[in-house]
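After this come two complexes, each holding chain A, first together with chain B and then together with chain C.
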Partner chain A sequence: MGSVTTSHDMGLHEEQLAGRTQQMYFSATAEENFTYPWSYEVDYANSAEFDAADLSISEINLKIRELMKSGHGSITVLNPRAKHSLGVGILNRLNLTFEGSLGYFGCGLIDGPNVHITGRVGWSCAENMMAGTVVIEKNAGSLFGAAIRGGDLVCRGQAGARVGIDQKGGTIIVGDSVGAFTGFMMQRGRMIILGDAGDNLGDSMYDGTIYVAGKIASLGVDCVETELTDLDKKYLKGKLELYAMQAPNGIDSMVKLTSGKQLWNYDNLEPTEKKLVL
Partner chain B sequence: MTELSINHFLEGDGVDTEREKIIGQHIGYRYDVNLVPDMDRCTPFLTKYMKIMGWSDLNWLEDVHMGYEEGRPAVFDRNINGWVTIPEDIDLPDNQQDRDMIARELLVKFQMATGHPMVDLRKAYEKFS
Partner chain C sequence: MCGIAGLIWKGGVTSDIGSEMTQMLQALKHRGPDSTGFALYGKAEEGVLVLRFKVAEQEEMKTGFDIHRLVIERKAAVDTRLEEMGADVTAREDATEYAFRYHFKFGGDLKRLIDFIEDLDGVEILSVGTALELIKDLGDATVVANQYGLNGFVGTHAIGHTRMATESDVDIRSAHPYWAYPFNDVSVVHNGQLTNYWTMRRDLERRGHRFMSNCDSELIAVYIADRIDRGDELEGAMRRTIDVIDGVFTYLVATGNQLGMAKDVMGAKPMVLYESDEFVGLASEEVAIRSIFPREIDTWDPYQGEVKVWAA
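Let's look at the complex of A and B:
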């Protein structure tokens, strides 16, 4: 565990930072590693399950960590009973199943695991997710995939408002309808909505792509329809097949939405600011 | 973005429009962030990586592209919040899809290497061991 003096002892404060680019070169011939150096060695064939009914949130999360440490690659948690913040901060390859529903902030900050939730999830499921897959069999609350950065986040049912708010990467798939302000301030990544979308879809989106199969109540500021390309169709087909999902009226009828880039005007202020300074 | 030459940001600084000339820098990304991957171009290394992770597609690597920073091909490593330069001895293909696959492969190799900066940063700052 690091301490206040550890970073100084390691000399991490001596290097002077300069410029924006870190001139690091790959060693492309280096030994092939497919997992982080600090990750636990787990075997998917080595499975375990435990009953979480009488355990606290911390106890459940620590139990998952202990099982990973001992090499278990497939873990099933029984009776999660909609407790909050379960399955968070897992930076490992792992097959994790929750037999039941999760409360708020489930599976946040994960980097690598494949999570299956047989029930529902509350607010902000998989917020800040980095990599891996999360599949929810039923409905999801608001802020589904808030600030997600990577990986696949799938809800087979409906999701609430502000799905993928501040999305910075990854793919969010919702099998049914989504609420208002979905894709609000989206920055990149992809969202696939197979049902209807609520008001102000993609409001103030800076970049990224939203695909919708159903009806759209209204578009938000700077969210515009663009051409669905053959590459998009190929991508959608592959992605939906992965999760045994399909667009109700076919992929060809889906609508593709991107940023109109009319809000990309902050740079206009820079010359003015420079003049003021000078 | 699609109408630009594949080497646009290697041959120039990307300061093209009047607005960019006024502020002296390129506006926006130097690659198409919305370009979805063509899985037919996946490399054997990436296929092996996907299998080990238990994924059927590129997962988080879908958002990794070869970018162009300061006139050099590079890939952005979110774990160090910086650009990492592509070695000069790697020949660049003539299309962005294949370049993206190279960037993804090299980024995985870099991030998973024992010499990655995150290894030392974790030693220094990690809260849980």
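Let's look at the complex of A and C:
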């Protein structure tokens, strides 16, 4: 039997539970390379465009793959006409532009590309996005950025209900109002809302931060207002400048919301379990 | 899942709404392939009512042994009863072997006439109105539109539905839209599930309303009819449904000259809205609106708890 290398020997066990939290920390060093080994080598200067009006959903997504394969780093899709599931699963660096609107599940499961959509998007845009940027010029549907883990997701118009439900990282910016249950069960990451927020904002959020510039219809369970620090203001200024957006009454008047952590019961034993232990 | 769509041309403009609604519903086929229904609002002649009724289910026509004879008998019985009540039938059309479209003039109590006809075994009135024509059958939008010759139907507004049966059977009886019996020209399509259906149904039945199916969506039509009967405006009646009806829903309702939409407080079911100076289009998915407006348009999702009404 050969020697067994355990994960401890490889130094993979730097994470530790700190206090009353389940958040895991690990030190991802800057030198580490997180690109996929099979990703395509693309050149941003090498651009291509095609008309999607008469193509099916799979044909459009395959066409994008083919163009990346042949080294095109800037791709423009014309006439997407609100078809569903366009631009999904792109795990590559790429400048992708949609001249028009997307239907449901647009740009889901992406890791890396910079996407620009000149129209609007339907439900569940950029669901489970890992990295990159998605900028939408018009409105977004419900479940905008559901469960995103990283990257910047920007909508210049209004978004529907349940924006950033289950958000686990990254930044969601909405230029106008959002619907009910925004930030429902949010776990990490930041959300910037420059318009009004609907009922039950941040309901049952575990962690993460929501900044709101407009009126809030009502807060959800365990969502509390906290102090807007200088660090927050600096962050907001930087992020909004990046996308040429402005808080209607200035950054100073924005409201910061986080979890009250009253629903955190991870370390507590159930009454029956207590009996067993004691 | 179900797909719903609605359109209205403003300012009295008329268009080929039969083809437009067919295209919209065909684009939503993936949301429900079981049956398709149309509520089209045209213009009948002055004083003339349009009656749409069926005397058998499509499934029965395929499997029943005696059904072809029964269909003829039932139709003849309807004719007799119309004559008995003093209705003056001016035109008769066979939409299919088992579904018919009549034009008639009638000065008496319409509810009594409708009840008398529906008293016949196997006969169901789909709609009665001066503008409304309700067509529903199994199959996708193109199949139903071709079967009933809907292309070229000129009118001002329409609602439609592609059904994925979850709560009740796959038959014409359980297909949308629902006509708000016994009111002229009121119809409803719904996407969602209602959880206090039985409580509310029993309540409405005690007050004398009739339910033709076991489909929960019918409740919305009957409830709105009840409220209008008790003096509510359409918008007021719709606002009540937001508080009273429990469950998830986005529904569209149309009257002789109006189109309305309402969404539950959770915003659980989708609805995309396009509004211009001359036209309003609504659908579960934007692809349906794009099927009649391929150019770039600005659309948005109405929020939870919203009620909107437009006039033709």
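Heads up, the rule we're going with is that the second predicted complex is superposed on the first by the 234 of 278 C-alpha atoms of A that agree within 3 Å, B and C clash if a C-alpha of one lies under 4 Å from a C-alpha of the other, contacts with A are read in each partner's own complex, and residues count from 1 in each chain.
Here is the rule we use: contacts are C-beta pairs under 8 Å (C-beta built on N, C-alpha and C of every residue); 3 or more make two chains touch, one makes a residue touch a chain.
Note that this is a predicted model, so its numbers are computed, not measured.
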item	value
Partner chain(s) touched by A:W38 [first = chain B, second = chain C, both, neither]	first
Partner chain(s) touched by A:T133 [first = chain B, second = chain C, both, neither]	first
Chain B versus chain C as contact partner of A:G100, first or second or both or neither	second
Partner chain in contact with A:Y235 - chain B first, chain C second, else both or neither	first
Chain A residues touched - chain C or chain B, whichever exceeds	B
Partner chain in contact with A:G189 - chain B first, chain C second, else both or neither	first
Interface residues, chain C side, partner chain A - complex	265-267, 270, 272, 285-287, 289-290, 294, 296, 298-301, 303-304
In the complex, chain A residues that touch chain B	1-2, 6-7, 10, 12, 20-28, 30, 32-38, 44, 93, 95, 112, 114, 130-133, 149-152, 169-171, 188-190, 207-209, 231-232, 234-235, 238-239, 242, 258, 261, 264, 267-268, 270-271
Contact set on chain A toward chain C in their complex	53, 79, 81-84, 100-101, 103-104, 119-120, 122-123, 138-139, 141-142, 157-158, 160-162, 179-181, 198-199
Contact footprint of chain A on chain B as seen in their complex	19, 22-23, 25, 27-29, 33-39, 45, 48-49, 52-57, 59-60, 62-63, 69-70, 74, 78, 80, 82-87, 90, 106, 108-116, 118-129
